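Listed below are the structures to be examined.
Across the two complexes that follow, chain A remains constant while its partner is chain B and subsequently chain C.
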Partner chain A sequence: MDENLKQIALDNRESIVETWKNEVEKLKSQNYTSTISDELFESTNREFANVIFESINDGGSTKSVELFSEKIINLGWPLSYITDGLQVFRRATIDVILGTTKKVDTDSLSLILTSVDQWVEPIIRQLVNEYSGSWENIVSLQRVALQELSAPLIPVVEGITVMPLIGTIDTERAKLIMENLLDGVIRHNSEVVLIDITGVPVVDTMVAHHIIQAAEAVRLVGAICILSGIRPEIAQTIVNLGIDLEKFPTKNTLEKGFTSALEMTNRKLTDLDTKQHFDIEQLIKSIKGV
Partner chain B sequence: MRIPILKLGNYLLISIQMELDDKTAIQFQEDLLQRIHETGATGVVVDLTSVDIIDSFIAKVLGEVVSMSDLMGAKVVLTGIQPAVAITLIDLGIHLQNVQTALDLEQGLMKLHQELGE
Partner chain C sequence: MEPHSFIGIKKEWDIVGARQLGREIARKLGFGTVDQARIATAISEIARNIYLYAEDGKVTFETIEGMNHKGLRIIASDNGPGIDNISQVMEDGYTTSGGLGAGLPGVKRLMDEFDIQSEVGKGTIVTAVKWLR
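And then the complex of A and B:
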């Protein structure tokens, strides 16, 4: 009986595909795929139908489904296209099969429903799995990328290292920051570490707490921590929240922080060529002289 | 077992290379103060490079040793605290506020030299 049904479905392939395409076309106009060109939509539909029939014919062949899903994921088509399409296919197939059977009683109806379900379910399951697998993959890749970017440590001059922080700091990231900071201090043998928070949008009690802890830990390891890049609104929040940052030096820009770091290591920046240096008064005098 | 205390000019050098238990720590406190008294040392460097674990009691003892030595006129610098140890101490809420620190023995000695102005 099951083989019979399969035969009926395969025999009426054309009409099923026709009904199906019409339904899918209707869905297209109302949502997601409206930006996709008709040609591409048409060819993908044809391929989708072929994949479905192949899968039914082979009793759940997974290879073609896999290839198809890969292609459609790469194209960036929504998952709803697939699930909607398969639901429509299920309905269309049942309609066509019912149309060809003369006598329908409860038993044969339930048999038809079950077997059509058995054809469609594995395809849905596999496609959804492929989709969620690709999403999970992307999420984990991005997490790794984010982690790489989250706490960079740059040795600038001998004994001075800079850690520029960009973006929101949460507990997990704060932990990473502290570990990277301390390891870097030891590795680069730095006397002074600058933490630059120019790119941190919000400094609340939690973030401040983490930064203070990191600075304290740096002091224990034997280096000095300077906090730079404090914007006016951040200064306001810090004082309003009653956070005590007195214990270590703070500067408004990385430049000033760097200058005081140089001072701490008994160095300073000097211009190389002093001859080129013109004073405005000298300039005025020379003009007057002419 | 006792921790050896070495004399280098006006300074005392201590490199802790074993796991500190409570008894050793107390013993060390007594020994160090005794040595400061004997030698009249003005600076002390305690190197913790090979110490992997510091619990709250050891941290308290170390903090006290620093204050006591200070009272006896010897500046103490702790050097080579490992990142993991630093993180644990901060997590425990031990900030060793009045303790001088340096990256390694060399910088610790430099720091003492600068502060004592010798």
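And then the complex of A and C:
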């Protein structure tokens, strides 16, 4: 890096930042950042400029670049804010340096261009790496969260477990359903498992196939599988597809499914008879003559 | 609504995109819940067949708005390996992938009109129509 040019850039910091801000401002109205408040945009631009100059000053400061890209991700701004911003910075710096140089020949021009590129490139590389790194991190965390949500198994009462399925079932999720189901049946010592599909938007032959296989596997480990939450339109499409679900019990609501699960385990739901209780109290009172 | 819209099928989640778009078009045309479910399921079957057997293709939607009948036409086309014996794949239970083999015959029953054209080495076109009643 040419120390002389570096000094020029640092000396003219203000005018570079001014030109840069104006250009970035134009980008804002043109596209992506149009819904962002002016103050936030300004303060972020100021910070961006500081990060760039700090990086030029100590030949690539890592911490501030890291913090800055983290901030951009948390704000939900696109990567193009960073890449466009640095492109604009490159142009602005070249313009300002050229403006301060008395005579420009091809040699000095090429020196200016390479020097500025040498400042900008590591920043771009680092910011983009940070950005995509954090992004991948977020995606993989969400993936884990989604996996935990995708096939939950809830032991409701002794011997009865419910797996409520909500949302689209793809191949990966179908595998998880099977694994969690078998795992859970054994761990909770379930006699009956309810697979509830109230929240599944489409039951095609692939989903039906996986459910049938899961139910069969549950049967093989000695439990019974009830399929509940079959909405009327889903019942119709299943019939149209010609899929046979007769091999295991099906119920249209989770409530009905749960009731038959209780019956299968020799139990039933009863209302606490508070009315009778009240009558007895009345009776006692009347006997006492109150 | 544009009369022609399509979704390319490359990844598994494109199947979801196709049936969401199809269901949305069906809803706007005035199809009821049951027919919307039938249409979404049919799209799911033919789109999945593209994903499983042809790798790359598309599902196109055409709204038919004639004088006295309205409907939705779904066209699944691919440049995959094609199907040698059409009557065989239309049999319930025939599958080469360990599936249920109920997809294509199922789509025929879910929809009002059904047609399949295929040439080995060239690709497959499945067309299905649902009329609004």
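Everything that follows uses one rule, which is that the second predicted complex is superposed on the first by the 268 of 290 C-alpha atoms of A that agree within 3 Å, B and C clash if a C-alpha of one lies under 4 Å from a C-alpha of the other, contacts with A are read in each partner's own complex, and residues count from 1 in each chain.
The rule we apply is simple: contacts are C-beta pairs under 8 Å (C-beta built on N, C-alpha and C of every residue); 3 or more make two chains touch, one makes a residue touch a chain.
Please read these numbers as outputs of a predicted model, since none were measured by experiment.
Of the two partner chains placed around the shared chain by superposition, chain B is the only one that A:185 touches, whereas chain C remains out of contact.
Of the two partner chains placed by the overlay, only chain B lies in contact with A:217; chain C stays clear of it.
In the superposition on chain A, A:236 makes contact with chain C only, while chain B stays out of contact range. Of the two partner chains placed by superposition, A:176 touches none, neither chain B nor chain C. By the touch criterion defined above, A:206 reaches chain C but does not reach chain B. Within the complex, the chain B residues that touch chain A are 78-83, 85-87, 89-91, 95-96, 101-104, 107-108. Remark: chain A residues 168, 170-171, 201-206, 208-209, 232-234, 236-237, 240-243 touch chain C in the complex. Of all residues in chain A, only 178-179, 182-183, 185-186, 189-191, 213, 216-223 touch chain B in the complex they form. Listing the residues of chain C that touch chain A in their complex gives 12-13, 16, 19, 33-34, 36-38, 40-41, 44-45, 48, 92, 99-100, 102-103, 105-106, 109-110.
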